[in-house]
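Both complexes below contain chain A, partnered by chain B and then by chain C.
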Partner chain A sequence: MAEEYLLQMTGIHKRFGGVHALDDVSFRVRPGKVMCLAGENGCGKSTLVKIISGVYTKDEGEVVFEGNTISKITPAEATRLGIQVIYQDLSIFPNLTVRENLAINSEITAGRKLVNRKRWDETARAALDKVGCDIDLDAKMGDLNVASKQLVAICRAMLFNAKLIIMDEPTTALTKKEVDALFETVRQLRDSGIAIMFISHKTDEIFEISDDVCIMRSGKNVYTGETKNLTRKQFTYYLTGRDIEDDYFVPKNISPEPVLEVKNLTIDHRVKDVSFDLRKGEILGITGLLGSGRTELALALFGLEKPTAGQIVLNGKPIRIKSPIAAQKLRIGYVPEDRLTEGLCLAQPIADNIALSSLKRLSKAFGVLKRKDVIDEGWKWQKTFSIKTDDVTKNASTLSGGNQQKIVLAKWLANDLDVLILNGPTVGVDVGAKQDIHALVHELANQGLAVIIISDDLPEVVVNCSRVIVMKEGAIVGEMTGDGITENAIAEIIA
Partner chain B sequence: MNKAAMKRMTRRTEFYMFLVLIILIAVIGIVSKGSLFESTQIVTILRAMVVDGMFAMCCLVVMVSGGFDMSFPAIAALAYSLATTICLNQGWCQTSPIAGFALSIVFGAILGMFNGWIISNFKLNTMLVTLGTQTFFTGVSMGLLQLREITSTLPVALKKFGLSSLFEVTNSAGLKSTMTTMFIFLVILCAVTSFVLNKTMFGRALYAIGGNEVSAERAGYNVKKTKFILYTVVGAVSGFIGMIRVCMASQSIPKAMVNKEFTIIPAVILGGASIFGGEGSVFGTVTAIGIITLVNNSMLLVGIDSYWKDFFNGLIILIGVTVSALQAMRKKH
Partner chain C sequence: MTKIKNFVRNNQYTSILVGLLIAVLALFSALKGSAFWRIDLWKGMTMQFPEYACIALGLMFVFISGHHDMSQVLLGNFGAILAVQYMAANVTEGMANGQVAGIIFIGIGIALAIAVVGGLINFLLVSYLNVPPVMATIAMQMVWKGLSTALTKGYAVKGVPALYTTVGHTYIGGFLAVPVVIFLVLLVIAIFLLKFTTFGEKLYMIGTNKKAAKFSGINVHGMLAATYLLSAIFATIGVLIMVSTMGSAKADYGISYTTRAILILVLAGCIPDGGQGKISNILLSIVTVQIIATGINLFANLNTYYSSLIWGGMLIVVLIMSTQVGNRAPKKAKKVKKAPQNAA
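Coming up: the complex of A and B.
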């Protein structure tokens, strides 16, 4: 008789030294269902996955798979049982062909010593057939886009007669369209009876794809059950442990004169004849799909794209922004989309990161920098932004995602700015930290900063912006203000 | 050949290096008024490729696995110096060179094992480890063991083996040149390396580790064991190559191999091996060694003073490295 549950984990404990990483965690996975494991960074999600896949051993608790109690899981045992993990990095070999990437695991498991191209071919085709996709086997893995790489990883997992596929934050690097395609594959796998454990912290995705949900917070599971019995508000509460109220931005003092005016700005075919103005104290949202020209427009304001026509006017004077250095001199700041690779030196102290864009101001004659000034600057912003750290000389990598984002902001604000451009300010940030960042931006605007938020996260745009410009194929297709800004209104014209 | 396969081929460094080699042969052939194609000249160039070509194979497999071996010349030098000294003292290698080769291979393997043990157990940067062991091995050879040059007293069987030839050619001017027997070993080593890299799971493990070590471990490869075997085998082969060189030169000089790595490693990179690991082929490596040997041996033919040797070597390497960097950049976008 088929078991009602494929995997049951009860009372799981795991300690690392003094840290209680998993504290009495229990949940169940049903066959042919999608179960989402949700939680903020550091809540114990990855530890739990590693216990299921046999990388870590549990300290206490019971694991039942298909009705049999499993006393000890090793990675090999997990594979034999039909448990496959697709890690965030996908465990692929970018330098090898798709064929080899697909065939390699089963060849090793079978203890092969020699290469047999024909057998590899058969294995690889069988793998692709299981998911029903068509990818050139001779293509080099590294040349594929992220979505195709993910498909290959899924196909490879299917080769092992997987009954449970665990996907670790699979949507992180995907565009909306690719996410839809991935979800289609997930549903197809689910319908064929495979259980999927989907790890995520994105509310929308969880509600879209999952049947069941297990929410973890600080090593404990705080909710397990069907997704449909949960409202989004409850979900956020369980995730963060606090009520997150949408705090709509209401501008308090907008300057009468615009600080920045963009007139008929054009960049090749990517931005077409865009005009708008920006006043101090307001938060202007620029939204649009990927490729709508929103990012190019922002980069032009920061000197990283060259306008082919049009004019930028700052405080009444026409200007040309040739480089990021020129932009900074004009008191324009830009916070890039990917804070980890573009905005921060993770292996450097917090204070140094903050002081980075104001080295000129902090340095004395001949560019000599006093260590103490840098650290003082660090502490100053640590207090202003309540960055959670006991020591600003610690590396930026010791901070959580939200606090890292605060540093990136502090870095720019440490130089007095007139205009701050935020590109996707909360991409990949936890719900709790997201709210902190929003509150911070509201405060800055009310202190007289002109802020531009570039985002395709519609709820974020609605909550934070006093005015919104919608872009499509390089041109402005709509503008709305105040109460006129709703998700529906934007969604109608965006695509 | 379909379009996709054509595109893939033209993206490979090997393809361009082969074109460069063909063009060089044509240009030097014309400028030297055909004397490049004299049988004696061809034999001389092929002969000059033997030791460098074989070392390049060692260097290639290590680079494919994502590592750097700076110590193979030092391993070779210590292994052959010790082997020849023992043979001389014991009166071995009078009729057959086998004892000398066996000793050199065993010593090479032990030294390689030492590299492999450190690299696989402590997960250290391979370039730094082998830079350290390189100096250490040279120190053992010169200081601890007090190994000295052996020239005229080199055991006869080694000398004889080194002078043996496959065939003799005579050019239009009546000059003779012989093709050394050692050339066979270059061909065999290239064939074996190519087979191991492409047709065995061990070779594929090297590519996998070079591509993504964590994934290789997750896929089920025993990364630690693979690396240990790799460095041990490279050590043993280095010992063998060292002894080949002793035979060809009819002398055993402990310092003869110094700085050899600085010409071999760039040549292997020129041939398409990636400094990040996971890329490289025997074909590309042989082509690159061919280019460098050709240039070095043809300068007199085209009337360039041999003082310019380093200039051209450096230039070729710079071009090669730039090409591969540009390709890496293109792939990123």
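Coming up: the complex of A and C.
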């Protein structure tokens, strides 16, 4: 008799030192169903996945896979059982071709020393066929977009005869269209009897794709059951432990004169003849797909891209922004897209990260800097933004994504700014912290800051912006204001 | 006792270094006894360590910034050769001490000017032209050595004024060597820069994540220029101390000091990955390395032919240890936290 459950985990505990990372977690995965593991960052989702895949060892609890109790899971054992994890970083070789990426594992397992191009080709094609996708086998992995990389990773998982595929936040870097395509693939896999464990914190996605849901909060599972028995409101409540309502931004006092005017700005072929203006007190959304020129435009305003034509006017004066140093002098701040590589020095204390852009203000003559002033500055912003930490001299790496993002924001707000550019302000940030950051940005705008939000998270753009510009292939293809800003209106012109 | 325990918990690396220092002392005491605990031996040590300690301090800035500088010593040698040539040509017999001092200062000025040029070249190569630091500075090492050799045909340049060597060999008050004073001045400058200025703050941040520092409005080029300049100047001062010890300048003097400086820094946990390095640890490391150097010299059969082998071997061991400690650090930290919980 086929087991009703593919995987059952009961009473799982895991402690790291004094931290109880998983506290009595239990859930079941049914074959041929999509199970969503939901939870804010730092709630223990990743730890749980690592226990299933054998990276971590559980302290207590029972794991039953296909009716057999598994006492100790090792990574090799997990693979043998048919458990495959597709991590966020996708674990691929960017410098190899798609074919090589697909075939390499089976070549290694078979212990082959010589390369047979034909056999590699067959393995790779078979993998693509299983998932039913079509990707150029000769393409370099690193040149593919995230969505295609993900497909390749799924194909690779299928080569191992996966019975359970765990996808760790697969949609973070995808556009709506790509998410739809991914879900199509997920449904196809599900219908062929494979169990999918889908890790996410995005409400819409979870309700769209999942059959079952397991919601975790602070290391405990607070809800397990079928998704259809849950309303969105209940879901958010379970996820965050509080009721959250979307709080739309209503501009209170927009300045009559624009603070920033961009006129016919062009950067090679990536940004074409873009013009817009920005007033104090408004939040301007710039949205578009990856590669639409939105990031290049932002970087040009921060001195990291050189415009080939056009003009930038700040407070009525034409200016050239040569570098981030110049931008900072002009009171322009930029919260970058990639928090980890561009935003933070993870291995340095929280306080030092916050103080980094305002060292001049904090120091005395000859750059003399008191350690205490840096730490005080850290505590000041820790309180203002309620950053969750008991010690600002701990490294930034100890914080969750949302709190890390608050550091990056604090770093810029510690300066007096006229214009703040936020590129993907809540990427990889959980619902609760997202709400905090949005509320904060609304407040800043109403205090007279001119804010630009660059995002492809359409709900975020709709909720937070008083005006939206849509970019496509480097050019502006649409602009909407106030009630005219809807997800549908944007989605129509974005792709 | 609890005070010591707390210190050990909060300063694991420093504690390891203190332990190592005690072990080294114990080892040489056991093997050599009274021959090791002689005042003149220890006084001799204070005359020896400043030259490479200055080089190590210079390299420290570069390591913290996440960079590398292999050219230091040979750049310093080239400057020193020009300096000694100038001094030898201008000091005549029977000259008043005041005049000689003036010439010596100009000579030192020449060496430091060369250091500035060399530091800036390294900076341009690495920061503006994006040449990988190790390769760029190894190439520059060859260039400086080549220039020195061409200029001197490989011979030592003699004629260092007696005043210069005498001052370099003086013990102030009978115990404090002049080179130590010079080292202490550089040490104070280094401590001031690293711990009490925005320069130090930015240096650690650049070493941790250069891109994030750039995105935070830090002038990364300017910082790296200063870093390579400090490295070159500190190293040249070390070489100038060496000139007074040797009484001459030569293209390949102190060539093993590059490895020794790396050994000191890596032993102190200051690795060229960047963003790390505590001056107190580096001081401990310098002391330990000097004691090892002197201790080895007490063994007559371990003559200079083996010194490269010994230092190279030690560097490899320390490098392996630092990589392994680095990799295991997170696990260890967790275990440390766990202990008190079990006890409770």
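Please note the rule applied: the second predicted complex is superposed on the first by the 340 of 495 C-alpha atoms of A that agree within 3 Å, B and C clash if a C-alpha of one lies under 4 Å from a C-alpha of the other, contacts with A are read in each partner's own complex, and residues count from 1 in each chain.
Here, a residue touches a chain if its C-beta (ideal position, glycine included) is under 8 Å from a C-beta of that chain, and two chains touch if they have at least 3 such contacts.
In this text, all values refer to a predicted model and were calculated from it rather than measured experimentally.
Colleague: Tell me which partner touches more residues of chain A in the superposed arrangement, chain B or chain C.
Modeller: Result: the larger residue contact count on chain A belongs to C.
Colleague: First (chain B), second (chain C), both or neither: which does A:74 touch?
Modeller: Once the two structures are laid over each other on A, A:74 reaches no partner at all.
Colleague: Could you say whether A:371 touches chain B, chain C, both of them, or neither, answering first, second, both or neither?
Modeller: A:371 contacts chain C only, not chain B.
Colleague: Of the two partner chains, chain B (first) and chain C (second), which one does A:115 touch, if any: first, second, both, or neither?
Modeller: Touch status of A:115: first partner only.
Colleague: First (chain B), second (chain C), both or neither: which does A:136 touch?
Modeller: It touches chain B, and chain C stays clear.
Colleague: Classify the contacts of A:145 with the two partner chains as first (chain B alone), second (chain C alone), both, or neither.
Modeller: After superposing on A, A:145 lies clear of both chain B and chain C.
Colleague: Applying the touch criterion given at the start, work out whether A:231 contacts chain B, chain C, both or neither, answering first, second, both or neither.
Modeller: Neither partner.
Colleague: Show me the residue ranges of chain A that touch chain B in the complex, using the header's touch definition.
Modeller: 87, 89, 91-96, 100, 104-105, 107-109, 112-115, 136, 138-140, 142-143
Colleague: Show which residues of chain A lie in contact with chain C when the two form their complex.
Modeller: Chain A reaches chain C through residues 16-18, 304, 324-325, 327-328, 334, 336, 341-348, 352-353, 355-357, 359-360, 362-363, 366-371, 374, 411.
Colleague: Quick one: in the complex, what on chain B touches chain A?
Modeller: Residues 4-5, 8, 198-204, 207-208, 210-212, 214-216, 218-221, 274, 277-279, 331 of chain B touch chain A in their complex.
Colleague: Could you pull out which chain C residues touch chain A in their complex?
Modeller: Checking each residue of chain C against chain A gives 195-202, 204-205, 208-209, 211-219, 275, 333-334, 337-338, 341.
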